[in-house]
Each structure stands twice: as structure tokens, then as C-alpha cells.
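We just call them A, B, C and D in the order they show up, numbering each chain from 1.
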Amino acid sequence: MSRILKYRELLLVAIIIVLIAAFSYRAPGYASPKSLANIFNDTSILIILALGQMAVIMTKSIDLSVAANLSFTGMAVAMLNAAYPGIPLPLLILTALAIGAILGAINGFMVWKIGIPAIVATLGTLTIYRGTAFVLSGGAWVNQTQMTPVFLNTPRMPVLGLPLLGWTAILVIAIVSVVFTRTIFGRSLYASGGNPTAALYAGVDVGRTKFFAFVLSGALAGLCGYLWVSRYAVAYVDIAAGFELDTVAACVIGGISTLGGIGSVGGAVLGALFLGVIKNALPVINISPFWQMAISGLVIIIAVLFNARQERRKGRLILRDAAKRRPSRIEAPVEGAAA
Amino acid sequence: ENIKIGLVVKSLGNGFFEAANKGAQEAAKELGGVDIIYTGPTTTTAEGQIEVINALIAQKVDAIAISANDPDAVVPALKKAAQRGIKVISWDSGVNKDGRILHLNPSSNELIGNMCLKLAADHLPGGKGDFAILSATSTSTNQNTWIAEMKKQLPKYPGLNLVTTVYGDDLADKSYREAQGLLTSHPNVKVIVAPTTVGVLAASQAVKDAGKIGQVYVTGLGLPSEMAGAVHSGATKQFAIWNPIDLGYSATQLAYRLVKKETDGKPGSEINAGRMGKIKVGDNGEAAMADPFVYDAKNVDEFAKIF
Amino acid sequence: MSIMTADKQSVRHIPDRLSTPIGRLLGSWETLLAAVAIAIFIANSLASPHFLDPWNLSDATYNFTEKAMIAFAMTLLIISGEIDLSVAAIIALASTAMGAAAQAGFQTPALVGIGLGVGLLCGAFNGLLVARIGLPSIVVTIGTMSLFRGIAQIVLGDQAYGGYPPSFAWFGQGYMSDFSWWPTLPGFEVVTFEMIAFVLFAVVFGILLHRTTFGRWIYAIGNNAFAAQFSGIPVQRTKFILFLMTGLMSGFAAVCLTSRLGSTRHTIAAGWELEAITMAVLGGVSILGGSGTILGVVLAAVVMGLVTFGLGLLNVPGIVMSIFIGLLLILVIALPIVFRRIRSRASA
Amino acid sequence: MSVVQAAAQDPTPLLEMRDISKSFPGVKALDHVDVALYPGTVTALIGENGAGKSTLVKILTGIYQPDSGEIVVDGKAVHFGNAEAAIRNGITAIHQETVLFDELSVAENIFLGHAPRNRWGLVNWSAMNARAAALLTSIDAPISPYTRLKDLSIAQRHLVAIARALSVEARVVIMDEPTAALSYKEVEDLFRIIDRLKRQGKAILFISHKFEEVYEIAERFVVFRDGRSIGAGLLSQTGQDEIVRMMVGRSVDHVFPKTEVAIGGTVLKVSGYSHPTEFDSISFELRRGEILGLYGLVGAGRSEFCQSLFGITRPSAGSLELEGRSIEIRSPSDAIAAGIVYVPEERARHGAVLQMPIFQNFSMATLAKTTRAGFLRQAEEFALARKYAERLDLRAAALSVPVGTLSGGNQQKVVIGKWLAARPKVIVLDEPTKGIDIGSKAAVHGFMSELAGEGLSVIMVSSELPEILGMSDRVMVMREGRMAGIWNREGLDAETLVRAATGNE
């Protein structure tokens, strides 16, 4: 039992399953495949953003500008689509990825070449990007009628019961998994955050790794800009306001250490799904709207508490025979002070 | 020296208020010698509006016409404005009595409440069935007033059954999720009434995505330009709104008359509002503009070009 | 010891400092910020004829006084290596509690006590989770941010609390000239209670951080919590106290803001957490912990207040203003780094 | 100055560093130094703390770029823009600081930066694990490549670091104080590996402050002093005294200047100290003016036990008596208040606050003494810092520079000085001279004697036998968390201690 639950990911899976079971008790049909596909589809954007955020957090940085990036890019492609309906969708999506990547690169450049702490740089660009979205649009909305049907409907097209939006998230998860586990860049991410000095000594360019982490995060935020606008069929300056904190919360719930170097793609995805399930379920099971915020806050705290208990240091065993005695003594207040 | 009127809105970047600004500019041009300062906070907060009001006071504007994020919180700042000789009125979303000379309702609250119920009943076969309300933030004054009116007048529509009220906070994603929640948890709900544009839009989208067009209808208050898509998709048959251009126009007219001392704005007075004719100030210093206008597939495109 | 002194020819003398006091002053962050503040002040007076009006300037201070009070406490917390994102939510909850008490007929002193008390409790809750249980503060306070404001929302729903006693209005709207002992010199009549509180807290926090053992502990913990613990510094207790202080200051800000608004809704002070953090960071506080000064934060508060008020006078929309704040933040952080690099390249 | 020349039978160097200079703000770390490394030869680089040894290593491995001078490999001038470039040129190093990744697996730690890839350019995990396993076997390290590094002991980590250094096709292997953290047994293993490398024709640069080791393993030497090369040559032709003179500029006669001190009554009595997993039933008495050596292999639990005396780790059983009164220590501040202080082993992590100025580090544990009613008095802080800086012969540009800019040995002096300022009754020194040059080591030892003479009781954890034998009045040995015995100094020999520590009775 304890060996299985050693893995944070499995614990999260268990918690999510318990939650869904509990919710479907209140709202029958909540656990139906259709409804679950729906939840996943709904959480897709958060998952994609969380994966970008994870790459950045992995390097001991943070990207607070993801939501602002999403807003700017979403506005930009929506305006492009409205102004030039002839531009084919793939080109627009590439544009979204490119704009997002450029905005990410601006963050990355400041962190890499100027040496501004990531949280400061992105706190600055958070307001700048959203402000620029306002300047770009003059504050006007881009409405459903102004956008082309292809632009709006493609992510909703169901394939095997799941809309393309959900498939996009699956594709991004797959790509990011390969990047993290199988590429030099992915391993550099772990190294740069885990021990920057050691990374330097190992020939990893920590600054450049951070830069590309920001570019990745930015490109994914740009993609989400398009996805968001098409999903909700409207573009305005305030979309996804405050979403940056959700992405950070998803990462941390998923076990990505804010100190860098620790975490897995599976963790980030599950963290995002966890938040998605909570957000989706509360309206469905008829919780008073006034209670929702407090409940989600409480749930986040509990999840973090659970995570922390899992992560408690096991302690080295110097005494050879201690391993045998350990289970009975584990309650002894011995770990406490050595925080 | 031109007369300076500060037109303070809930937040910048909202189509409704952009349209109101158009009306205000129109009135300014018509009256001559009037400068409109169109301003507001970034997000819909009272604190943000107070900073804006302070800036207007500092510029020594002649009048402030405000659509308030909070009827009470802006009162101290507006009182200070009044002390420095600035004429203060509220419009659209009101301010408490002691913070302004008069308040201009876009329409009477009873009429709006009634209109929302009528729209709901029209969408239901025989006017019978369950409906739910998807509002903006739980603090916004005008939505709350209308919801209260709807509840008050509900007995007039015996077939209608209000199941629940949820809040989308005027955020597209939250409203969408709340609408989705309504569809799942209340399968009997046949109509969602959203007295706010973001709400109607998001709910229409949710209904469409759930493949429930024709089973569940969305209606409420929204701008034609924003609602056209929903009407064409069939998620919405009809919706209503007053003309925000007229609202901005009238608010500017009223403020101008007060500055020019053509009226004191006391209850009972009738104020000249240019092309809108005379507006009468009622009890509580509240005035109403006109009935909301109903839009459907036939006329929505025509108006979508305007606002 | 005799053995060692025998072959030790001379004791090497190590100077206390490398640079002169003037050199340090010129190279310091605070000097840069003060220069920026003066430049903005001059630019504002040139750009708007309404700027140099004592009453207007007095109104302008409300743009930053309350946020700065939180920023002071936040500064200490950030230097110690933690952060509190729930400050604005604490304001909402404290304000709600005061509103409920006012409805129940409590008078001003009790209301102030309740506001401060709720702030303290919220701070204790954060402190418990972070300092005692050892959870990462950035996540804990993302959680409590929702929790505290969520409780306010449960209590208030779509309602608002008003009806505060008239005397309560003084904290957020009062002038010191309401007191007979206040000097009636010209210019002094525009001094508000909040300005006095701002200055007082700046001094208190400045002394606490820079002149006391406790302040030194904060720096040590922020730079190396292990070494601090190994030096006998009560790391967890210090962090707990810092969370308490941040909660308390949020409670105080709640008193001022509630008094200024005269009403409470659950959306009160939305988004202030990022503004308080921006203020601290602009003031030169290292977000990674370990360095920063209160003087810097005071100057940053004034700079941000001047920028928003100046741009407000020019009717620049708030969101465009925020572009300026963002640029200012990045520039003010980046310039010294770039200069230092250019200088060291020149000297090499 | 006598510079030993061994020109005649010189083979051609594999690698030469010519006229290298490097400055940091306020410090000239290297001043036109020359170093040559020869194939199949171990060259020892010797110098005081801060002489510039590690700086040279970092230049050689591409981490720093020299201000001037050139590096010549096989007669061709090369330039290393980053660490990767040096690795590509066959230069590999075990650095002085920990350069490993706690969260990654052993195999990844070994191959990070040069992992084997498959034909799509993706990391080939199975090849990587297989090669790591082979490498570890080749150095007799029974470690699974899949283990996460954080689950290894210090000694095992060291083996991983060695495996990492050997994982590239290197011709030059640099070891910056590889033995500082090792005990007798691991040092022997390391030397076997070095021997093998030598036979494979690799050029090795070996840095150590321990002369016995240098004479045992190295053929050639280079001495640095204050960033300049002072001498170079063959060790077989040069005596230790001469090298010390080159290094310090004077002779240091007494390496272990233990003065006889009258030993008083019992100060500290530890009875049955136990911990569920780290140590068990530790009991002994410590007397006034006594130096108790605590010997054991790395990982024997000495540090954990000492930390429990200081309130960092909580014991699960046992009691403590200080000067006849029973006390309980729950936190470091309790310990300090009682008069027990602890100088940790990992100074950069636990000892010094690297970013803070030297004078603030000195005063950190004794702030109460330099303050009045909780308010700081900076002049007194400086006075305190100056006093201990001079007594410990600290090398620093100013007392207000951050400790992080000091060399490793000088950082250790600051950490020790911090605790001396606390004027304790019992001082626990965990590997106090780890990584310290012999001049400073003598200073620290002299100081310990002096403190003992003043009536202070000292517990000195050390893995270095000569130090243990030279300095202690009594020696306690720990093995796998338990006491293996206590011996008086008289008639004690190294063999007894080693046998007790390893358990080979």
C-alpha cells in the first residue's frame, strides 16, 4: 500500500477519482464517459498552460505573464481573423504560436541576458502585455459574428467523442513528455533548476535553458490564446484574468517544486485536472455560487498538505537494524526540528 | 473655457460603454463647448473608480456622470466632488441618493424585470416551465435590482418557475462553466436568462456546445453586435436591450443642464434632453429613459452595425 | 598560542569597508529611485496645471498609502524568503467582519479592534501552514487567497455592508486638522490620517528591519535559512511573526479602506496583492529574499502614486497606466544591472 | 626564492597553461601563472586557501575565461568558451563544490550534458543506464544507476562524481580537493583509481591540503601563493619543509600544536543518547579543558549525533547533564543559551550566509552581545569581526564584502570565528579543518588548544587520523551509529582506531 502511494501522481489520481465519485453521487451522470470527456476538454487550456508553466518553474523561475500573453495573442488572432477572413486557419494557429513565442522570448531574454529575476520580469510584462492588448484593440471586443466559422468551430469538432480541443491537449502532453524525458533540452531543464552551479559545470547553459523554457511557455500560451477565443467565441482584453495563478497552483498541486528541478509532466497534468474537476463540479453539484471560492481555496490547501506529507524526508538509516524497527518507531517526533 | 464632463464607466473596454461614449460625444457636439472625458478603471472595482474620480476632481471638471461599480463605496469620493462644486449624476448603474443629484435608469427597473420574464415565457411552450438566471458579479447593482424585480413580478407569470441564480462574474470562462453546470444539474431548465452580455454570450455558446439548441434557450440583455452570432445559431431567439448610445447621450444632456443651472435636478423637475425629449425626475431622484427594445433574427443584423 | 605568535610576522589589517559613504550613497538603489521620483514630480508639474495643488496632492496620496502599509510588512516577508498573496483577501475578510459588527451595533473602537484581530488571525493561519507545517508560501497563500475572500463571499453574498458609525469615517477620510493640537500652519491642513500612518509605519518598519536584531534575523533567514537555524536563530518563529505582521497590516489597511469607502463588498481591494508586491520589488527588494530596504519601498510607493496620479490627470486609462508601471518596474530593475555590467566591462 | 627545476628528463607536456591571469573585483586571483601537466603523471597543485587553485581549475574547465594567457593542448592553443568545450577537448574535473543533482538518477548525473542519443537525437536511456552501470563497476562502486542521487550517502555521491569525471573520453583529469570529505577507507579506493588512470596515460591534476596524500600519489608539484606560481618540480627531489616555505613564505613548525592543559571536572555528561534511525546509546563524559576526538568513517553518524547535542535533531531517548544540572535541548537557541555550540560540516549550506558581509556573519550568533535592547550597534559588530578576523588570520578585501567571495578555507574561518565569539562552554567542531590549508589549519589547531587552555571543552569530529591523534586528549570512535569505544591518548595508535571504525576486529 505505502509503496504504491509513494508516488505523488498515483495519490493525485486517487484523489481525483474519489472526487469524481463523490460528485457523481450528488449529480448522477457526472461520471459518465461523455461528462468526463467534457471535463477533460474543459480543462485542456489549463493543462496546456500548466505544462508551459512547468517548464519555466522547473528552471527555478516563474511565468506570471502567461494569461496576459494568452489575452494579447487571442486578441491579435481574433482581430486578424475578423479583418482578413481569408487567412487559412493553420496559418493563424502558427501566427498564434509565433506571437506567443515572441512574447515568451521577451521574458526569456530579460531573464537570460539582463539577469532580471523571472518573477519581476513577468510581473512587469503581465501588465504590459494586457495593456498592449487594450491598446491594440482600442478596448473593443471581437464578437462571434466577426469571426469565421472555421476559426470558431475547428476546436469543437468531435473526434472519437472528444473535441479537437481535448486532442490538442493530448498532443501537447505527448510532445512535452518527449521533450522532458528524451531530449537534451528537457534534461537541461531539470539540471538548471536542480543545481544551477552543477549545471554550469556540466556544460549546460542555464540562461539559455531558461530562455527556451520561456519561449515554450509563451508559445503554448499563444496557442491557448487561439483556443480560448474560439472556445468562448469572444475576444476582449480581460479574458483569462488571474489565470496565471491557476497555472502555478496546478503545477504545485501536481508536485512541481517552486524551487526548481523537481516534477513530472504527469504531475502537472493531474494538478490541472484536479483544479478542472473542482471548478467544473461545483456548479454541477449545485453548490451555492457564494461558497465556491472558499471551497476551492480550502481544497487547494488540503491538496498541498497531502502533497507535503508524501514528500516528508524519509531520513537516512545509519543504524543497520533500524530498518526493521522503523515501522513501530515512525511516530517518534524526530524529524521535526531539522526543517 | 469649455465645459468638462467626466463620463465614468464601470470598466474600459466594454462594448456597452463604448457605445454610451458614442452617444455622449454626439451630445457634446450638439451642445457645443463641451468636452467629454471618457474614463474608468481597468477592472470593475470601486477602488479603481475612486482613483478616477479623484483625478477628475483634481482637473476641476464641471460634472461627473458615473455608472458605479458599487453604490456605496464611491459616495465619499463623489461627496467630495460635490463639495468642490462638481455636479454629480449617475446613470446605468446607480449611486446611493446622497452621492448624486439624480440617477438616470436606462429604463425603469420594473420594465426590465418584466421584460426578462416575458422573454423567458415567450421561449417556453405555453409559457410554462423552469428557468434559471445567469448574472454578472454578485455585487453589481443593476443586475441585482433587476433580479429582485423579476422575483417580485414572478407571480404574474404562473407557469414560470425560477430554479436558481448563478453568477458568472462577467467572465467568459466562468459564465460558460456556470451555464454548463446549469445544463447538467438542472436538466429541466429550458431557458437561461442572463441580464448581462457576457452571460448571454457564454450561455449560448455552452448550449450550442452541449448540442442542446432547440431544447434550451438563452435570452436576456445584450448588445446586438455581440449577440448576433447567438441569434443566428438558434441558441437565442430574442433578447432585449435599451440603446446605450441614447443612454450616454441623455446622461450628457442631463449633466450639461445641471452645469448650466437650467435645472436643479430635484424630484419632480423635467429636464430637456435634446433629441430624447424631456426626462422627468421621479421619487428618489431617479429618472428612466425608455423601454427596452426586443431584437430577433429579423432585426439584429441591422442594429449590430450600430452598437 | 605562543607557538603561533612566534612565527606570525604581522597581523594583516582588513579594512571595514571598500567604498566611501558617498560612493555607497551614489551607487545605491534608493538614490536611483529618489531621482526617478523627482523626475516624475517635475514631469507631472509640467504636464498638468492641476498637479501642484496641495489638496490634489493630498488626494493623490490615497493612491498608495494603504497599499504601502501592506507593502512594508510584505517587504519583511519577502526578504525572509516567503511571500503572501492573500493580503487583499485578508482585507476583504477583515472588512466583512467589521461590516457585520457595525450592523450589530458595535462602535468605532470595537470595529478597529475586530479589523485588526481578523487580520491577525488570517496571518496566524498562513503562518501556521507555512512556518509550522512547512508548506511553500506561494501555494499556501494562493489557497488562502481564495479561502479568505470566499468566506467573505459566503457571508456577504450579493449584499453589501454599510452603516458604519460616522466617527469610523475618520480613518480613511479624516484630516489631522480635525484635532485642535495639530499646527495650523499653511499646508498642514491637507495632511490626512493615512499620511501620518504611512510615515509612522515607514519609520517603525525601517527601524525594525535595519536597526534591530529581529531585522538582522530576517536577512539571515532570507539568505540562508539553514545557516540561520544553525546560528540559533528561531527561523520558524520569525517567519510566523512575519506572517502575523503582514496579517495585522492587512487588517489595518482594511480599517483605512473600509472607512474610506464606507461600505464593504466581497470584491473589495481586488488585485492589491500584486500591487503591494510590485511596490516592494520596485523598491529594490529582492524577490528571491535576502535583500531590500524600507526606504526603497517608501520611494517606490511615492513613485507609483505619482505616476498613477499624474497619468490620471491626463486621463490615461488605467490599463495603459499599468503599461507604464510595468515598464518602470523592468527598467528600474534592469538599468543598474546593465550599468554594472558596462562598468565592469570597461574596467576589465 | 628557490624554484626547483627538473628540466632534464622532462617529457613533453600534454597540457600547458601559460601566463594565465584572472581578476575578480578587488582580487587578483591569478597573476601570470604557468602550469604544465604530463601524461601518466599526477601533478599536485599546492597553495594556501585563496591562492587561486580552484580558479585555475575553473579556467581549465571552461567555466571562467582567463583575462590573459593561453591554454595549449598537444602544442595547439585552445579556447574553452564553456564547460562543454573543455569536455570535448578531453578535460574533465571533480570540482571542489558539489556539482551533482539530487533529484536526478545516478546515470543521469553521470551523463548530464553528454548523454548517449539515438538516431532521432533523443536521449537513449537504456544505453545510458548500461554505460553508467559499467562505469560504476569499473570503479568498484556497488551503486545502481537507477537510484536517485538524494538516496545516496556522501561517500557514494563521491563515487558518482568520480564516475562522472571518467564518463568522458578524458586525457586530463582534475581533482579539486577530492579527499576533503573522505575518510581513510575511501581515500585508499580513490588512490587505486588514480593509479589506474595514471597507467592509462592520463594527465592528472590533484589538489589537496594534506601533504601525506600529496607525497603518496603525486610525482610533480606546482605551488601557488597569492595567485602567482612560486615553484614547480619533482616531489622526489623536494622536501615538505621546502614546499611549505614556498607556500606560506615562512616555515610552519608545529602542525598539531596541542599544548598540555590541566583537565578539570566533568562539564557535559551524555547518557544513552539514541535516535530511531541514526545513532544508538551514545554515552560519555566531557571534561573541562578536554579535546575529545570523534573518529569514524564517513556516514558513521557523527554529524547527526553532534547535531542532536545542538538541538537540530531531536533524540528519542537519553539525557544530558551540563555542569551537573540536567538540561534539555530542543533548539539551537537552547543549546547556545546553555553554552553548547556547533560548527557544521557543510559550511556553505549550514555555516555561512554567503551573501551577507563578513562582519554580519561574525556577529550572527552573538547578536545579543553587540546590541542594546534589541538595537544593533554596528561599530561593535565591526570591532568583534576585526578581532576574530585577525586572530584567525582571515584573508579578505574588507569586512563588508560578502562571505561568498572568500576562498573555501577563509569561509571556514568565518564560521569558526562566529562561534568563538559566542564564548561557549562546549564547542563541537564538525570536520573543522576540512579543506583548510596547513597554515590556517595550524591556526585553527592552535586556537583549539588555546580555548582548551581557557577551560573550554571541545568535541572535534574528524576523519583525518593524524589530526585525531595529534589533537585529542581522548578519542571516541563511532561505527554505524553506535559507539565503538573510547580511548585515552596515551599509547593510542592509528591501527586501533581504524580497526574500531571499520569493524575489522
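Convention: a residue touches a chain if its C-beta (ideal position, glycine included) is under 8 Å from a C-beta of that chain, and two chains touch if they have at least 3 such contacts.
Since this is a predicted model, take the numbers as computed values, not measurements.
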item	value
Reference subunit D; chain at largest CA-centroid distance	B
Centroid spacing, where centroids are CA-atom means, of subunit B and subunit C in whole angstrom	37
Where subunit C and subunit D are represented by their mean Cα positions, the distance between them in whole Å	43
Separation of mean Cα positions, subunit D and subunit B [Å, integer]	73
Touching two or more other chains - residues of subunit B	12-13, 43, 138, 167
Residue numbers of subunit C (touch at least two other chains)	153, 157-158, 229, 317, 319, 322
Contacts with two or more other chains, residues of subunit A listed in rising order	134, 139, 237, 290
Chain-chain contacts as defined at top	A-B, A-C, A-D, B-C, C-D
Subunit A residues within the subunit B interface of the complex	27, 29-30, 35, 38, 42, 134, 137, 139-141, 143-145, 156, 228, 231-234, 236-241, 279-280, 282-286, 289-290
Touch list for subunit C against partner subunit B, complex	48, 50-51, 53, 56, 59-60, 62-63, 153, 157-158, 160, 162, 169, 172-173, 257, 260-263, 265-271, 308-309, 312-313, 315, 317-319, 322
Partner subunit C, residues of subunit B touching it in the complex	12-13, 37, 39-48, 50-52, 54-55, 57-60, 70-73, 75-76, 80, 137-139, 144, 167
For the subunit D and subunit C complex, residues of the former touching the latter	23, 25-26, 67, 250-254, 257, 259, 310, 312, 331-333, 335-336, 342, 344, 349-356, 359-360, 364-365, 367-368, 371, 374-376, 382, 386, 389-390, 393-401, 418, 442-443, 446-447, 449-450, 453
Of subunit C, residues touching subunit D in the complex	1, 3-4, 7-9, 11-18, 207, 211-217, 219-220, 223-224, 226-234, 290-291, 344, 348
